[in-house]
Amino acid sequence: MKGNRRHLPTVAWLALMAPVALALWAAGSGLESLLVPYYFRIILLSGIAVIAAVSLNIVNGFTGQFSIGHAGFMLVGAYASAGITMFARPFTESVLRSAHVPDVMLMPLQFAAAIAVAALAASIVGLLVGLPSLRLRGDYLAIATLGFGEGIRAIFVTVDAVGGASGLHNIPPLTSFVWVFLGVVGVIITARNLAASTHGRALFAIREDELAAQAVGIDTFRYKVLAFLISAAWAGVAGALLAHLDLGIDPRSYSFMKSVEIVVMVVLGGLGSVTGSVIAAVGLTWLPEILRPVAEYRMVFYSALLVLLMLLRPRGLFGRKELGLADLLGKKKTVPNANRKEGG
Amino acid sequence: MLGSIYALIALGYTMVYGVLRLINFAHGDVYMVGAFIGLYAWRYLGLPSEEGQAQVVSTAGLLLMMLIAMVGAAALGVLIERVAYRPLRRAPRLTALITAIGVSMLLEYGGQLVFGTTKQDYPWLAGTVPSSIGSAAGGSSGISIDRVDVIILVIAVLLVVVLQIIVHGTRPGKAMRAVAFDREAASLMGINTDTIIALTFIVGSAFAGAAGVLVGVRNHYVEPLMGLTAGIKAFVAAVVGGIGSIPGAALGGLIMGLSEEAVRAFYPELADAVVFGVLILILVLRPCGLIGSQTAEKV
Amino acid sequence: MPLLSVDRCTVAFGGLIALDAVSLEVDQGEIVGLIGPNGAGKTTVFNLITGVCRPAKSRTATAEVEVEGVPLTPQQGSRKRMKVHYGDIILAGESIRGKSPHIIAARGVARTFQNVRLFPEITVLDNVRAACHVHTTNSLPAALFRTGSYYAEEHDIEKRSIHLLHVFGLGKFQSAPAGSLPYGEQRRLEIARALATEPKILLLDEPAAGMNPQETRELTELIGWIRDDFKVSMLIIEHDMKLVMGICERIYVLDYGEVIAHGAPEEIRSDPKVIKAYLGEE
């Protein structure tokens, strides 16, 4: 049960986190003023990549169901949140004003609502996609999610009300360091708490042997759909944050390749390892920037490095291992699921 | 016709999936490289061209281009299998898949470096040159049956028939089917599975190379990223037909090509949505594709 | 009333009849053997009971005729003279026929598999804890926010699982991946995992397969002890006749998908039909 001996509910932890968050907000704005905007943007992009990768890991790593349509859910979240902050703005603002909300809080509250709506919309689409496709297995599920992901994009592209193929523009710049940080913490807590609970063990059991999981009374279909929902909801959050960072939605950048990018992060980090997803997401977001000096060769390096890493570490960087705070401080203890020998 | 091109590429996906259970993402890019090999062969080897016209290739020249492209693509396919996939035979399947994606990206970005990022003109097939070359770029859309389409269809059908004969009539073909059925059992029966898997890559990649040249003379241009969409669509075609099945891939390719062209003629912006719509419909209604068999899990 | 009764169930794969109107009963606290030559359909009986296979229509009906699970009124029955039914599977007085495997497991049917099916990459402890899932009450939000009741339940699960592992002599393997255990321990773990679901009846599919005589003797003791300690009934598929004859109170013999004999071990031993099924025609 690792560090849970403290028996503090997560709510209490979150309350303790409040001053930390405040400090972070200060640090974030400090960072923003210190750093070149370009690098600050990449920090935020890394955070969004972490949210997307960790959430996809819940489906691909925890549950062993192979989804490659994550960008589709991000796109749903992006459009849904833009709907709140752009189109519904006059309405929400008048509601908030009539509730005597101070002016400084107007935009943050609207953005919070937008993110919540994004999560909800993405999870509803996740349900619609999951119900028919989660009856399929293995590669067929992968292909179906690919099809749905591209299908969602194709639908948005044909709807002129949301900008059609040219997408949406002039989305307000609301994504800040604090929002991204909260998202990252939120998705990691979701994944770690899920993994340590009976619900997480149900997901692992499905990954390991679906038939045996049923035989011990796990409703495998329900749990697959549940994992899909949680994952899609966080993808929606990532989409909302990305849209309000890019200040627009270009449907082309939420294509199959985007989904693949996220899958790569999950597999490279190690399927089932939250730590791995986080590190791979940050690493792969920075890698092209680090490779910038080699200019036009950088994507060749990027892909060659990817192939090389997979050949050298077929189970990803972390296997199924997790790193906790205590590990970093050098305490020795056994971590659940830290059983895979790395390197295969 | 687009359908026969998809069919030729889909064959490679389906064959590799059959023996390795691997979605070979790099396959679409092998097709791209094949097209470029054909182009360079034509450019530098002075292949038989119609007299007096520098931008036109004769039918014999086309066949030679195809042959060279097929050999080149086959070599590339084997190389990829050897370097990237063989070490991962026993690794989790997702690992191999990510590696395939990595190889695909490597070929795309490497292709952009080697071939340049812009479109390159492809020779016309003799007898298909319209009176004014400059204004003929529109020939790639709409349902129009002209000479080049007929030739493509004939070549594609011939290749599929040859493949069917190889797979069902020859010893290596039988071995290939045995490996697809049960790799372990096949190797116990004395079949050298490594050789057969390499052979599968050779045949599949050669077909992709041929498709690359054919699409080049049809569209009159090639570019390093052409493998991306064509690859995905051909893969979808393989699934629709029933992945692992050779006639299924041919049928799926034709269906996908025809439906895409038909929709593109009327609602061009919906063409991609229709492709994936067909995919989802097939997966929900017949998860194993049009021609494919359900395998029950043994308990 | 028997704890479990399978009543004239037929299972077909395509055109092949795997089980033909099979009926069998297991009483409370009873250990029943299921034997028969290879391919007789023994594992299919387990798959039928656990909901992995669904019963097919059968034409060996008697008076109580039903169609698609709906009992016919006597008038309909006599008018149409329908002789089609699906048979029935009753567990503790309730029909479990056509239910999903996880529901049947929750109702109290646990099983092991012929070719051990553990969750190989998670720990031995987690294998058992995963099987405790069926009786958990905490919601997903409770787990995500780690409420007090969540901690209480997780603590309880852990305690029960560790106890179960110690009882089965697997305590020292607790944090090893299940797939790394020696074969015999894997088999024991699979039984422990099945018991973690708190079943009314335990179905064991060839538990002694691959064991040496010493291990088989230990297994025989273990099975008797499980029955007494966990108060479960058992249905056991086994080829080891010494084990079957030694602990089973009654035995069913299956051949070509049909029950050809059942009775006490000594009756089965001398039944000419059984001898014929095993040894073939003279």
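Points to keep in mind about this one:
Chains: A, B and C, in written order; residue numbering restarts at 1 for each.
One rule holds for everything that comes next: contacts are C-beta pairs under 8 Å (C-beta built on N, C-alpha and C of every residue); 3 or more make two chains touch, one makes a residue touch a chain.
For clarity, every value in this text was computed on a predicted model and none was experimentally measured.
For chain B, the chain whose average C-alpha position is most distant is C. Among the chains present, the centre nearest to the common Cα mean is that of A. Chain centres here are Cα means. That of chain A falls 41 Å from that of chain C.
Taking each chain's centre as the mean of its C-alpha atoms, chain B lies 49 Å from chain C. The centroid of the Cα atoms in chain A and the matching centroid in chain B are 34 Å apart.
Shown for chain B are the residues that touch two or more other chains, namely 299. Contacts with at least two other chains are made by residues 52, 113 of chain C.
Touching two or more other chains at once are residues 211 of chain A. Across the complex, chain A meets chain B through its residues 60, 66, 132-133, 135-136, 139-140, 142-144, 146-148, 150-151, 154-155, 157-158, 164-165, 211, 256-257, 260, 263-264, 267-268, 271, 296-297, 299-300, 302-304, 306-307, 310-311, 314-316, 344. Residues 1, 4, 7-11, 189-190, 193-194, 196-202, 204-205, 208-209, 211-220, 226, 320, 334, 336-337, 339-340 of chain A are the ones touching chain C in the complex.
Interface residues of chain B facing chain A in the complex, by the touch rule stated above, are 17, 21, 23, 84, 87-88, 90-92, 94-95, 97-99, 101-106, 108-110, 112-113, 228, 232, 235-236, 239, 243, 269-270, 272-273, 276-277, 279-280, 283-284, 287, 297, 299. By the touch rule above, chain C contacts chain A in their complex via residues 50, 52, 100-103, 105-106, 110-111, 113, 117-123, 126, 129-134, 136, 138, 140, 143-148, 150-151, 153-154, 157-158, 175-177, 180, 193-194, 196-197.
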